[in-house]
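To keep things simple, chains are lettered A, B, C and D as they appear, and every chain counts its residues starting from 1.
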Amino acid sequence: MKKIGLLTSGGDCPGLNACIRAVVRTANYYNIEVVAFKRGFKGLIENDYTILDYKSVAGILQKGGTILLTAREPRFKDFNFRKIAYENIQKHNIEALFVIGGNGSFQGAYLLQKDFGLNIIGIPKTIDNDIYGTDYAIGFDTAVNNAMEAIDKIKDTTMSHERIFIVEVMGRDSGFIALEVGVAVGAELTLIPEYPLPLHVIEETILKAKEKGKSFAIIVLAEGVASAKELSELLNERLKDKDVGEIRYQVLGYIQRGGSPSAYDRVMASKFGVFAVEKFVQGEKNFMVAYENGKLLTKPLEISFNKVRIPNLEEYHINNILSM
Amino acid sequence: MKKIGLLTSGGDCPGLNACIRAVVRTANYYNIEVVAFKRGFKGLIENDYTILDYKSVAGILQKGGTILLTAREPRFKDFNFRKIAYENIQKHNIEALFVIGGNGSFQGAYLLQKDFGLNIIGIPKTIDNDIYGTDYAIGFDTAVNNAMEAIDKIKDTTMSHERIFIVEVMGRDSGFIALEVGVAVGAELTLIPEYPLPLHVIEETILKAKEKGKSFAIIVLAEGVASAKELSELLNERLKDKDVGEIRYQVLGYIQRGGSPSAYDRVMASKFGVFAVEKFVQGEKNFMVAYENGKLLTKPLEISFNKVRIPNLEEYHINNILSM
Amino acid sequence: MKKIGLLTSGGDCPGLNACIRAVVRTANYYNIEVVAFKRGFKGLIENDYTILDYKSVAGILQKGGTILLTAREPRFKDFNFRKIAYENIQKHNIEALFVIGGNGSFQGAYLLQKDFGLNIIGIPKTIDNDIYGTDYAIGFDTAVNNAMEAIDKIKDTTMSHERIFIVEVMGRDSGFIALEVGVAVGAELTLIPEYPLPLHVIEETILKAKEKGKSFAIIVLAEGVASAKELSELLNERLKDKDVGEIRYQVLGYIQRGGSPSAYDRVMASKFGVFAVEKFVQGEKNFMVAYENGKLLTKPLEISFNKVRIPNLEEYHINNILSM
Amino acid sequence: MKKIGLLTSGGDCPGLNACIRAVVRTANYYNIEVVAFKRGFKGLIENDYTILDYKSVAGILQKGGTILLTAREPRFKDFNFRKIAYENIQKHNIEALFVIGGNGSFQGAYLLQKDFGLNIIGIPKTIDNDIYGTDYAIGFDTAVNNAMEAIDKIKDTTMSHERIFIVEVMGRDSGFIALEVGVAVGAELTLIPEYPLPLHVIEETILKAKEKGKSFAIIVLAEGVASAKELSELLNERLKDKDVGEIRYQVLGYIQRGGSPSAYDRVMASKFGVFAVEKFVQGEKNFMVAYENGKLLTKPLEISFNKVRIPNLEEYHINNILSM
């Protein structure tokens, strides 16, 4: 019986379990056994694994997080530890290693390809949706919905107290969550790292909103731009004579990456998993699953390295029109 | 000042208000006034309208339903009533009529183009997502999430009582909701009108699931295939000697089309609305907004007439693998 | 080491797992082992059990349904099968049997007290909240919230189409869910089995709402009064000349009893479980846990037999005022 | 026609609109007109009001926040401004002022009783549920559910990364939210201002959980105890040699006080509002609505002044047992 390895790596996100289930069931469907390593590369090094079959993945589809756990493993940068990892993989007679991760994890795993010729198959996941080469990564839709629902709640308070509110969403290097959430909640302003706005533009936007008679405003801020705490302090200081009221802030943080996955993430994670295994069965090697122009395809794994996906400026245009 | 007309028509769905807001704000952005007719074509005939400006659409983005109301209007099939409708439109000096609706509504509105040369712009919405010519119609994602969340709840009961459960979802002519929901909830079987399965296949699937040790099963049934009540009665009768327990059913019904729209629907509805107005501003006529291969584009309105979108058989394949 | 038995019986509901966890952890805290029987009385007869300890109940607090499963067991009415059940209990040296169930299950278990002197401890659960002797039973709050959220969604459709909608909620003999939900959704009319209204009063209420200018209405109907299908057909027939539009209906059904329990149910189920075990440790016998006037107390198990809790007519009064 | 005044004051919370609706509809039911002042005491001073009737409160039952807005008004401490407020009240011929607020607002309003003999009626609301004299205040149940749902999501991350997580919930002076949420999410430790724990106890609890093999832990922290940021820094420093991993934190903040109210809050807010108006109609004066031992009653308004409700130590006991 053929064998494949499987692991989840990097920050967790909703949809990982749906993808694990899909990989395992598709593998079993094609008579392939799945050796699932725990805590990402750590499990490879320590040979900490479990055999997953179609029964053992029952009931996980709708669960957030990852049943395989995830962890950082700095030792994997060291060739000697990668050698140990590869030896473990060889012991199991594993033909390919499936990595559900971001581009950092893809690059890590790819070292096993370069060092030892191991077949590496990447399935993209990150709530930030900034993996180069694919329009979609598992977890994004749920994260956006989580953030949106939280801001819908904050809006009640903001309206009742007629305040300006800065809400910090995830996105250390990337504004995808902020842009999508900004449209979804009707934010008066959305701030993303890819297109920095000078402070005076932010101030003018706030003052213009007040002038137009808006009694409250939501500013969606990607964490990569600034901390909401600092920005609110700065703006409170600079606008203190402008009668805009005290600007408050909220950091949404970890609630964005947890919870039961949305339908979109469950379906995409399932399709990504089925597709990855079927392409492997058909003989493809060293690829990542990509979603482009509404279709699934494979791309060389290296395509995602050292690049980032950049949002479209056009989204900004939409935000400007709709925040009227 | 230029003027456009706007109405929502057909069954309501989540995202209509988000789209109304986007049309109105984009129109105002380009100095166009919006005459919004109530209850679809009924409002045209009765000249029952309201002027919407950017302020009057504040706070509706996250609301289900349609603030413009919707209704069936059989009189619109009669030329004399259409003439009255057109005269009302002329009184307002409306240059184009924006119809947020399904293909039935598009065909209805198109008669005003044929009869009187009115510029008709269609924005596709239907929870069924079966409008020909576009990969997406407003409302689908929310409906799928609504159905999924309901079935997640039913699964608790099903597991605790070790039952087989038939859940009827919407889709009179179309299996898109059922297919998507089937993957999202991990249904053991999904039944859609486009690919009828003989009864004995359904029975065998149930018996095979039991054999494999599954203690419960969810069957997702599109309403176009059969009524859940009748199918459960039929199966209970035919399987009564097979020790599969009593098969129960639930019709999800109207909870699928209500509720606050998902992030995806808010964003898509917003983009559809902005795009439609901008294409109008650029001089395009008699088009529907379409989403294809991940991009927004315009298509001749007639393209959607008398055709239906058909789901991909490949989805069935995924369902089969994942329901293992 | 002392031992107790535990089972869940009757229809499942949210909060059962929270209560199982509380019973098991409290028992372990007092050095008591828990023998948990599967599928209610069926597990007793077939000695189908598992030993639950504090670790094995980790992660179940927030789950709907019951990990112990539940089933009907008609054989338990037969003394010979109860004798087998009791012998199984004796084999385990079980000192008391904890039954999380409704009054039917309490009466069933009580036969083991009458026949063999077994100490029976009842913890009340039923989404209907109609167990005599306690103001609260596990599952009610979640069921009410589930129904309310579903009706909030249906309201969007009802408003957009300006319809009258009959929503059937659970409550075969009891109107508690209907009454609570009626207030929570602002129903124009609430119909419960305990206070039957003549049909003409229902008709007059509908007509009066229309007269007052209400464009839509929600009627919450407890299933014990009539089927929503039949009532809507009847009203459509009788009001067909009254210009109230077509009256539609929706049966909420099983979505009411599933899903993650609300905070209230998690907390109450936890408190009920801790309290039951602590009273057992203190030597109390043959009691049910009751919640009365905001306090937990014990009552003789028989108190709940052959009686039902009746809602307060005053609630009707509130409904009348608020549905103005 | 009789007239009453109405305002909401202090921090907003879910259920205020349900209560406004109940007060207005009940007043109209008894032929009383409602003069609703905006932004709490600010509206009294500035005579900024609107007349609410039963129609104008349609559709607000399920909305978070307050349609009457709320604000701080330091000028109300000054007799001269209170005099202006009272003169405005007199102009309207208002017989009693209904204040939906916390004990701070009750004390503020009571000055109008002391200064000018105005009949003041208080309806308790605060998500903290710490108003002395009533077991329940509007908003608590929703806040607890909001916090619980957020922590359910954080738990996915916590489990996947095997971390210890400190979650800060609201409660500046009071641990009610923390205690309830702690039980509802199965927190390993709950920290509240009323019963401070020495730091070494917190450390020992963490170490003990690790020893028992728990791979992750949630600590629920009321904001009145410490900031989550500081506590996590402190614990990370003190436990850095103990192999417990990095302790992370999240401040839930404003998402707790927004959102559509839970069924419990809608029903309680409705009952509080109906009860308050009916007691006024019956001639009672200067009271607050209280909920005690499962019943609604009136209490002298002063009863809530300068005291706080204290949670029961017994809850701690339950937390200890269940966090095993």
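One rule holds for everything that comes next: a contact is a pair of C-beta atoms (placed from the backbone, for glycine too) under 8 Å apart; a residue touches a chain by one contact, two chains touch by 3 or more.
Every value quoted in this text rests on a predicted model; they were computed, and no experiment measured them.
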Task = Find the chain most remote from chain C, comparing centres computed as mean CA coordinates.
result = A
Message = Report the inter-centroid distance (CA atoms only) between chain B and chain D in whole Å.
response = 40
Note = Rounded to the nearest Å, the gap between Cα centres of chain B and chain C is 35
Task = Please report how many Å separate the Cα centroid of chain C from that of chain D, as a whole number.
result = 29
Query = Do you know which chain C residues sit against two or more other chains?
reply = 152
Ask   = Name the touching chain pairs, would you?
value = A-B, A-D, B-C, C-D
Note = Within their complex, chain C touches chain D through residues 21-22, 25-26, 28-29, 54-55, 61-62, 135, 141, 144-145, 148, 152, 180-181, 183-186, 213, 260, 262-264, 266-267, 270-271, 274, 292-295, 318, 321-322, 324
Request  = Within their complex, state which residues of chain B touch chain C.
outcome  = 12, 14, 16, 39, 63-66, 69-71, 146, 150, 152-157, 159-162, 165, 248, 250-255, 257-259
